[in-house]
Every structure is written in structure tokens, then in C-alpha cells.
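Structure incoming, see below.
All chains are identified by letter, namely A, B, C and D, in their written order; residue positions are counted from 1 within each chain.
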Amino acid sequence: MTRPPDEPAAGPAGAPAPAGHPAGRRTAPVRGAHFALRNRKLVGGLSVVLLLLLMGAAAPLLTGQPPNAEVGPPNQPPSARHWFGTTNFGQDVFAQFVYGLRSTFLVGALGGGIAALVGMAVGFVAGYRGGVVDEVLNMITNVVLVLPSLAVLLIAAAYLDDRGVAVQSFFIGLTSWPWAARAVRAQTLSLSSRDFVDLARLSGTRTAGVIVREIAPNMSSYLFMTFILLFGGAVLAAAGLDFVGFGPTDGVSLGLMMHNAVNWGALQLGMWWWFVPPGLGITAIVGAMYIMNVGLDEVFNPRLREM
Amino acid sequence: MALQVSDLRVHYRTVRGDVRALDGVTFALADGEITGLAGESGSGKTTLGKSLVRLDGRMRHVGGRVELDGRELPIGDSARMDRFRFHEVSVIPQYAMSALNPTRRIGTMVRELLRSRGIGHRAVRPELERRLRLVGLAPEVLDRYPIELSGGMKQRVVMVLSTLLDPALLVADEVTSALDVSTQRAVAEALVEFRDRGYVRSMIVVTHDLSLVYQIADSIMVMYGGRLAEKAPADALVTAPRHPYTRRLLAALPEPGVRHEDKRLAGIPGGPPELLDPPAGCRFRARCPLADDRCAEQPPFTEVAPAHFVACWKAG
Amino acid sequence: MWRYFGRKLLIYLFTLVAAVTVNWMIPRFMPGDPVQSRLARASLQSPEASAAMAEYYRGVFGLDVPVWQQYLNFWGSLLRGDLGTSMWLFPRPVTEILAGAVPYSLALLVPAILLSWYAGNKLGAAAARGRWLDNTVLPLGYLLTAMPYMWLALLLAWSLGIVAGLFPVAGAYGFGLQPSWSLAFAASLAAHWFLPFLSLFLVALGGWAIGMRNLIIYELESDYASYLQSLGAPRRLVRRYAFRNAMLPQITGLAVQLGTIVAGSLLTEIVFGYPGIGYLILQAIRNQDYFLLQGAFLFIVIGVLLANFVVDLVYVLVDPRVRVQMQGGAA
Amino acid sequence: MLELDSVSKVFPRGAFGRSGVTAVRDVSFAVRPGEVVSLIGESGSGKSTIGRMVLRLASVTRGRITFDGADIAGLTRTRQLREYHRRVQGVFQDPFSSCNPVFPADRVLDAVRRGYFPDVGAAEWRDRVDAALEVVRLDPAQVRGRYPHQLSGGQLQRLLIARALLLDIRLLVADEVISMLDASTRIDVLNLLADLRARGLGILFVTHDLALGNYVSDTTVILRRGRVVETGATATVFADPLHPYTRRLLASVPRLRRRWSDLPDEPAGARPCPYHERYPRGAAAGPPLLAVADDHHVGCFADDGKPC
């Protein structure tokens, strides 16, 4: 259940600028940094992400006790002692929240990372090699693309006795790469018709070298944005799985918090503090990353900047 | 005088600042005159062509006037300019191959365009078909989608559509540069034919190819660094150029039959000036073999012979 | 024309085979003895159920025959429409249970998909029109797409359902009602349907709006748009063309997003206890009913494939470029 | 040195290449050291495809391309190919596209060092680069560390030629190298090609512009729809074009000081194609080329019996 809200290639508006022609285009990283710091979407999105990341990283410092420990009276609304209130079992929601952020970031980075790796590998090879290789990879991509990934994940998770964040990320990564592969393939296809690719081949560079040294750097901003979208998709997919009840068998996650909240009647009991923070956390992370992406796009793509 | 451009200044906004793409351009165009506008890339020729029809989002009208048949064209005001477009001034854009909406039948697009300009489609249709036949297209192309036509066919459709309302001024921007030699000739000759038949009163043909424009133009303007260097009747410009830039440029063009062993031609050393912050005085000064101190002052664009204008102190 | 659809069908066929294979493989190649571990974990109440399950496993797993034979047997029972017997609702066949849930899922999905697509495109097109709208629609759109489906569902259920008491938050119709053709029943259906629908609709809306906005901006910068403007065509005409052209990639986008929205509907159904496939999946998981889970999976895959095929058909009908190319008319 | 023997290229099209488009048909010619051969044709004539096949960027479908007698199709190992590219290099149409826009332009020179001279020290390499830049008349200070868009098309194109000169090349494939340059600089690049030829380099000059082809080349090959239509010594072909297509092409070239309207139109069929006279059914029935004089051959692009 990857959800690319505007997969960079779908809207050609997101395609990297065909930089290169006359003057006035992006010069050096210096100029990029200058525009990056002035871009409110980028700075704002990044701040939110970093803040939450920091909270997750500093979880043990922020809360004295493990996330699932019973620390107070149950069903308490937020108070000075328990910022986000307590659960039915007297667990501190804030403690669960900050620890849950950790697994959210982990699943995003791992799942998004695996998906990005597979997607890029498939996209680069299909786009650059063309021919039968492309046909076959394209076919595989399309097959995985139409398979509803949450359903596949559910089936896989159902038979896993031991579910950790890593295994979950692995399966999410393996099901959510296709749109990235398509996007990377399209970009690669258009770049590999450029003369500098031929020139690199004439300089004795092998296929892998051409991809790594010539094609990838040209779309580095694009690849980075693709990774961010995959990260967001992985976070949402993991949340969905956790919510259904296929979360990590041990530990805590934001999706699992929502699962428990619903399971133990938080809705009917009006315990909004139990299910609002985890969802808000996910929305904030994913939303901030998407907004950050728009900012990045504006920085990398001067055409949008002028809008 | 069909067209009178006086001291036109148009700037291009970029992230680094304003590029002075047109920095004081003055010329006149007579009724029925086809003028070629030649220059290197970055000389401002395309900007000049565009600014007479439609300034794009990054172009800004900074100064100067454009008059067509004595009426001022509000080139800086897109909404007011709309009244003139298509009817009075029209364009065949550089991108003619992709100028048609890919998902509309050509005839439908023409009809919707005409209706949006308040013109009855019925009244114009016979003339449209006649003109399509004139450029060698069957009227059935109107039932086709652009993807069904070849590049040359699309080019001709755009040519007919742009001139359908008999505009007083047509700007043809690099209309032949994407075409093969053999089709190039047909398109160029069609432009002349359109003028002869009165479909277009006068015409500015923007090009980087002097020899092509010489074939069809009555007069030729040479631009350099955002200004006009020379404007003269085509023959005079080619046989007796006055501006050192024009001379060097013509000398750098190989003709069929010229071989480097027999006659080694030479280019113009150096490059065109940066228009972000152009140097004072004559823009060609840095590359000009004749330059001296006087050239630090900007030479006026003066008439040195009948209809022959030059911006050079040495041209007198 | 046939080549195009032939290719598409081939992909769908492959996908189906892949899905079935996944279904077949996972219980077999996961560590441990599937039969014993299933039986142990299912902790079934009735001995008949336990016996039936063991027998079925022996039948479809057919652990004593070669692997390829097992695979063929699996297909065989599948083609006969046999997805096994539910453990949770023993002894009802899985197919029958699923068939009862599909209408509810469709009732949520079809309107949510179509309406969000339509409204999102309109909203996105409006956003591309002006800075002010753009600055509101864009962040809102991103916020909506970033929301986990179930969280928005929870928020709606809590705020509009429990706090405001405007809508019921569980089931497909009132407790005291029996399905009938009465007005009261229809009203109850509608009231129960509204919140799950709304949460699906809202999350999907954001994505479409953003996509449309980006596409329209791209279209408005294209050559045909500048040419029309050079000929003095009013903004209205240019926008209309841009909108129409931007709709085409959005149709393809619909195919890509289908899986996501279906996943979203599963989660939404769970929140609202809405008796569609998603709710069944939850029950299957709770009751360790693996046949039901696998059956639901296949139903979803087939549904998504069918929907994809419909989208393909529509796309061919509306994009003249594809149509022309198929007729071999490109010059 | 370089020899093409009945070379054809079919581009696969459709799923798994079930149908094909023939871009080049039975093309034969040779390039000798110190010779410029211009390959002239309009779009779709197959001229660039031939250049790419010679550079081994595209495969040959039928026929043979040999370099110093060895079939280049046999160069399958990376090492063999690298040795071939040490001798044969290319420069392409769009200098901006030839440089990776995200890196400084002179990175193309470093790529040569990485691929061919990993053992050469920094100082020596610098000297070699300076020497190559001097040949193309570029000031090293002007190009070092500059990004492509900070240089002019002419400067970039010369930089790319310098890149080829860093290797011990004997053949340069120049594919439309000046068509995107401004009139004021293109002649300098042409002159540079002429100078390289004087140093014994063979040059395959691919162009659509007859005037440019004529200016530098010794031999002219005129292509149409993938076939050679006319070939011979440049002076001969331009002085006495035999194929009607060549004449049409020449007549369409815009020239200074002579207008199209001043030229008498050649009535259609006034001088039929010598190939057709001999083989009325066109190329389908005869050999690829018909010798008219010692160094002047005519071919035909019509293969369905229709007049060309």
C-alpha cells in the first residue's frame, strides 16, 4: 500500500530540469543550498521530520520507563504527569508514542530503502539495457504493480510466527517498488539517449559505471525524492499492517497503538488521547516529508520556482 | 509604414537578475515587406519576435513603443494585446511541430479557437480549405489528430492557421530550422506566396540562417547583443555590408563549391557579450578588428544609404 | 488493438498466477509444519471443524505427492471455486462468505473512488488557477494523503459519530433491523455507510488534487497552450484543453492507485466494523481462519485486476492518440 | 583503414522485436588515413546510424565493418572494445548533451584518463591535456572547472575534440558536429577538422549540410532512405551530380548572392538517373552501386520500380 501522491514521473512537472542548456540554470551546489534555505516548504517539512526523529532517538531520555510498563492509573486523560494520558492498562501513551516513532522511522528507512534499491536497480537496468531485458523487467514490474500490496503483506504476515520490524520492512520493500522502477526507467530512458552516455561508453566505461557515474548523478535529486515518497509509503503500509494486528510481535509502534486503542474500545470510551497521537505522528512525519519533497522539487527545478 | 518599433526594451527575468535581451531596438517595416531577422543565439532575435506577439511569463516590457498602422500595440498588457493577436499580429512559432493540441482533431481545435475569438467558423471554412490546398494539404487533415500528420504537414497547418485572418504582421520564428533542405525551400517559398496573395501584409522571418533568409526577404536585419547592428535591403546587406559584424559573419559562411584548401574562411574570435550586465558602448567592440576609443560610446542606428541602417561609427 | 489488449491480458494473467502462487507458497515455505501449526494455533472449538481442517489440508497440501502435483491440485480446487471451508463460520464455504461481503465493499469503494477522483481533479484544476487557492489546496492535499486511512476513519468516527452523535459508527445497519426493502432499512444503511465512505473519499481526494494540479501546470506550459495564447485564445479555452489533457494521465493513475484505495477500504471497514472484505479479514486473523484469509486475498486480487482492465478500456476510449496508434494510422 | 562492406541496420520494433525498420541498406564505402569522407543526408537517411555503428554504439545487422582489416563486430570483450576506441573516437551533434550537466565540462577528459591512462601521473596528464587543448585552440584556464553552460557551444565542441585527441586516434566520427553551433564559430570547428586531417587523421563527417560537406571533405557519400544514392570524389560529385536526388538537393540549398528564383528549374525527368537507365526496376534488381566513372558511383533508393 504504497501511496505515491504525486509520483515524480507521473506529473512531468516533477521531472528533473533538463539542465544544461543556456546560461541562467543551476550552477553549483552553492546556489542549490541558497535556494534550499530560502524555501519555506523544505525548511518547514525538514524541521518537523527532524524534531520527531529527535524525539524518537531520545525516547529513553524523555520517558523514564519502558513503553509497555504499567505506570499509573488506567484511562487517564492527558495531564502534567502523563502528557498524552494513559491506556486501559495504565501504560503511558507518551512513552509508547516516542518509542513508536522509532519503529516508524526504522520501517520507513528500511522499507523505503529496500524499495528504492529494488526500484532503482530494475529501473536503471530496464531503461539502460532496453530490448528483451526491458520487456521482461517491465512485465515483472507491471505484475507487482497491479498486485494490491497490503493484501500480499497480510498473507505473508499471517504465516510469519515471528514478526520484527526488519522482516516487516523487508516485505514492504519487496512489494512497493514498482512505481519507483517505472519512474526511474522513464528517466533513464530519456537520459541514456543523451550524448554524454555514448561518450562515456567511448571512454571505456562499463554499463555499471555509466549508470553509477553518468546517469544516476543526473537524477540524484529525483532519486532522493523518490526515496522520500517510498519512505512515506512504507510508513503508511506498516501502520496499516500493525493496525490490522500484524505488527511487530514484540515492542511498540504507532500502528500497534491504534490497533490496541480500537481493540480495547478507546473509541467508545472516548479515550481520544489513545488513538489521536499515533495517527497524528504518522501524518506529521509523512506529510512533512511530502511537503519537503515539494520544496526540494522547487529547489531543483527552477521552472517551478518561478511560479 | 506598417510597423514602427521605437527604442524597444524587453528584459528577461532570471534568478541571477534581469537579462537585457532587447536593449533599445528601433526599426520600421513597410507594407508588404518581408524582413529577415538574423543573429546568433542569445542575440535577442527570438525575444524581439516574441515581444511583438506575446511576452511570456518571464519577459518584461521595460520601455519603447511598438506601433502597427499608427496604433500603439500594448505589448506589455497581455489582456489588451489579445484584441490584436491573430487579427492584426500573428506568429508561426519555433515549435510549430508541437503547437497543436494532441488530443483534439485539428478541425475541432480550429473551430473552437475561432469561436472563442468571436469568429463564425462557417464563414471562414471555405477560405481555410482553399489555403490548405494551396500549401498542398487536403482539407481532410482537419479530421485528423496531430499525431497522424508528419512534421512538415503540421508546420503547414500552423502556417495556414496563423495567417487565416490576414494579419498585418506575421512573425515567423525559425520556421525552417527543423526541416530538411528540400522541404525548407517549399516552406520558405510558401511564406513569400502568402505575402504575394495578401494573406499577410508584412513579415518578420526570424532565423539563424542568413543564406536562407536571403532567398525570400526584401530586407535583412542583423542583431547583435540585444541591439540591431544593421538593416538593409537584402542584396545590399549581402553584397555591401557596412557593419564589421555583418561582414565577418558573411565571410564565415561556406558556400557550396568553396573548399578549405582553396579559400580558408575564418570565424569571429571571442563570444557575444553577457546581457546580464552588458558592457557600455558598442556591443561588438570586444570582437571588432576596427574598434577604437570612440566605440566606448554607443553608436546610433543611422541611415547611411537609402533604407540602409547601421549602428557603427566606422560605417559612414 | 488486439495486440494492446493481448499484452494487457497477459500481464493480468501473470499477475493472477503470481497471486495464486504466493497464496500456495506462503503456508508451504514458511518455517514449521503448516498443518500442525495451523491446527494448534486455530484452537478450534468443535472437533468436526478440527477434523475437516486437517482433512482439507491433507487434500490441498497433498503433502505425499510431488510439489508440482501439489501446485496443480491447488489450481484444480481453485478452478472449481473451492477455496476451502471457513473455520470461523464453520462449516460455511469461504466463497459463500466472501460473496456476502463483496457488495458492502463495493458499495464503499466504487462511489469513493469515482467521486474522489472527480472532485480531486476539479479541486486540483482550481488550485492551478491561482496562488491563493494553490496555497490552501496543496498543503491540505498533502495532509490528506499523508493520513493513514484508519486514523482519519477513527477521527471521523469519534468526532461525528461518538461526540456529535450524528452517525452510527459500527455495522452496516442498525442492530434491531433485518435486511428488507423498507425505507427505514435503507435509511439505516445510508447512515452507516456515510462515515466509512467519507473517510475513504477524503484521503483519496488529496492525492488526486495534487496530481491534477501538477499535471495542469505542466499542460499550461506546453507548446500548444502558448500557441493558443499567441493567437489570443481566452484563458478559458486554454484551461479547458489543459484540463482535458491532464485528465488522461489521471486515468492511468487511477489504475495505479486502485490497490492502495482497496487497502484503505480494508482498514476503514475494520474501524467501522463494516461487514465488507476488510472486516472479514480482521475476523479471519482473529480466528486464525487461514482459508478465509487466502480467499479474501484472491478476491481482492481478482477485483483489482478486473478494475484495471476496465480502466484500460476507458483509457483507450478517451485518448485519441492511443486509439489512432492502434488503428495504425500514425503517419 | 575503415571499410564498410554492404552494411545494413534493422531496428527491431514491437514486442520482442517481431517487426523491424531498415535504417541502413547495403552501404559500402571506405575511409583512408588523412581523408575526410562526408556522409550527407536528410533526416531518416541513416547517416547517424552509420556513424553509431562505426563507433560500435549500435550493432550491425548485416554486412561487415572492418578497421585495419579486422571485423569490429568481433570486438566483444571490454578490453578489445577499449583498444578499438583508443583508435576510433566520436564527437556528436549537441555539445551540451555530450557533457553531463551536473559536472564540470572537463570531466569528459578525466573519464579518458580513468578509462585509458590510470597510470599517468597528475602532472603529466595535465601536460597532455594542455597539449590537446592547444591543438583545438582552447585556453586551459578558460575551460578548467567550468560547467557546460558556462561555455559556448563552439568551445565545448572543441573541448570534445580535444578529448578524442588525448587518445592515439586514427579515425574521428564527427556526427553533425557543427549543426548546433553559431555561424560565427562553426567555421572554426570545420577548419580544425581540416587541420586534423592534415595530420593524417581519417574523418567520417556526418552532416545534412551540403555546403559544409563540400568545404572539408575529399569524398562524398550521399544517402537517402538508408541507401547510397551517389558517391565519389567531392569535387566530381559537386561539379557533375548524376543522381536527380543529388541535383534536387543541391538546388534546394540556400545560397548567398544567388536566389532560388534565379535558377532555372530542372524539368522532372530531364536527366534520368543513370542507375535507372541501366536497371529500370531500381535497387531491388541491381547491385547497390553502379560505377559511372573511376571514382564516381550512383545508387538508387527506389526499390519498387518507381522513378526516383
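Methods note: a contact is a pair of C-beta atoms (placed from the backbone, for glycine too) under 8 Å apart; a residue touches a chain by one contact, two chains touch by 3 or more.
To keep track of the chains, here are their UniProt names: B = ABC transporter ATP-binding protein; C = Peptide ABC transporter permease; D = Oligopeptide ABC transporter ATP-binding protein.
No experiment lies behind these values; they were computed from the predicted model shown.
Each step here moves to a touching chain, and the least such steps from chain A to chain C number 1.
Across all inter-chain contacts, the pair with the most C-beta pairs is A-C. Distance from each chain's C-alpha mean to the overall C-alpha mean is smallest for A. Seen from the C-alpha centroid of chain B, the farthest chain centroid is that of C.
Distance between chain A and chain D, defined via averaged C-alpha coordinates, is recorded as 48 Å.
Rounded to whole angstrom, the centroid-to-centroid distance between chain B and chain D, based on C-alpha atoms, equals 32 Å. With centres defined as mean CA coordinates, chain C is found 55 Å away from chain B.
Counting partner chains per residue, chain B shows two or more touched chains at residues 41. Looking at chain A, residues 22-24 sit in touch with two or more other chains.
Residue positions 15 of chain D are each in touch with at least two other chains. By the touch rule above, chain A contacts chain D in their complex via residues 19-25, 27-28, 131-132, 135, 194-196, 198-206, 214, 217-218, 220.
Against chain A, in their complex, chain D makes its touches with residues 12, 15-17, 52, 55, 57, 78, 81-82, 85, 89-90, 92-94, 96-103, 108, 111-112, 114-116, 147-150, 160, 163.
Contacts from chain B toward chain C in the complex involve residues 53-54, 56, 81-87, 90-91, 93, 95, 98-105, 112-113, 116-117, 145, 147-150, 153, 158, 161-162. Put simply, chain C touches chain B in their complex at residues 222-224, 226-234, 236-237, 241, 244-245, 248, 319-321, 324-325, 329-331.
Only residues 42-43, 152-155, 182-188, 190-191, 194, 208-212, 214-216, 234-235, 238, 248-250, 252-257, 259-260 of chain D touch chain B when the two sit together in their complex.
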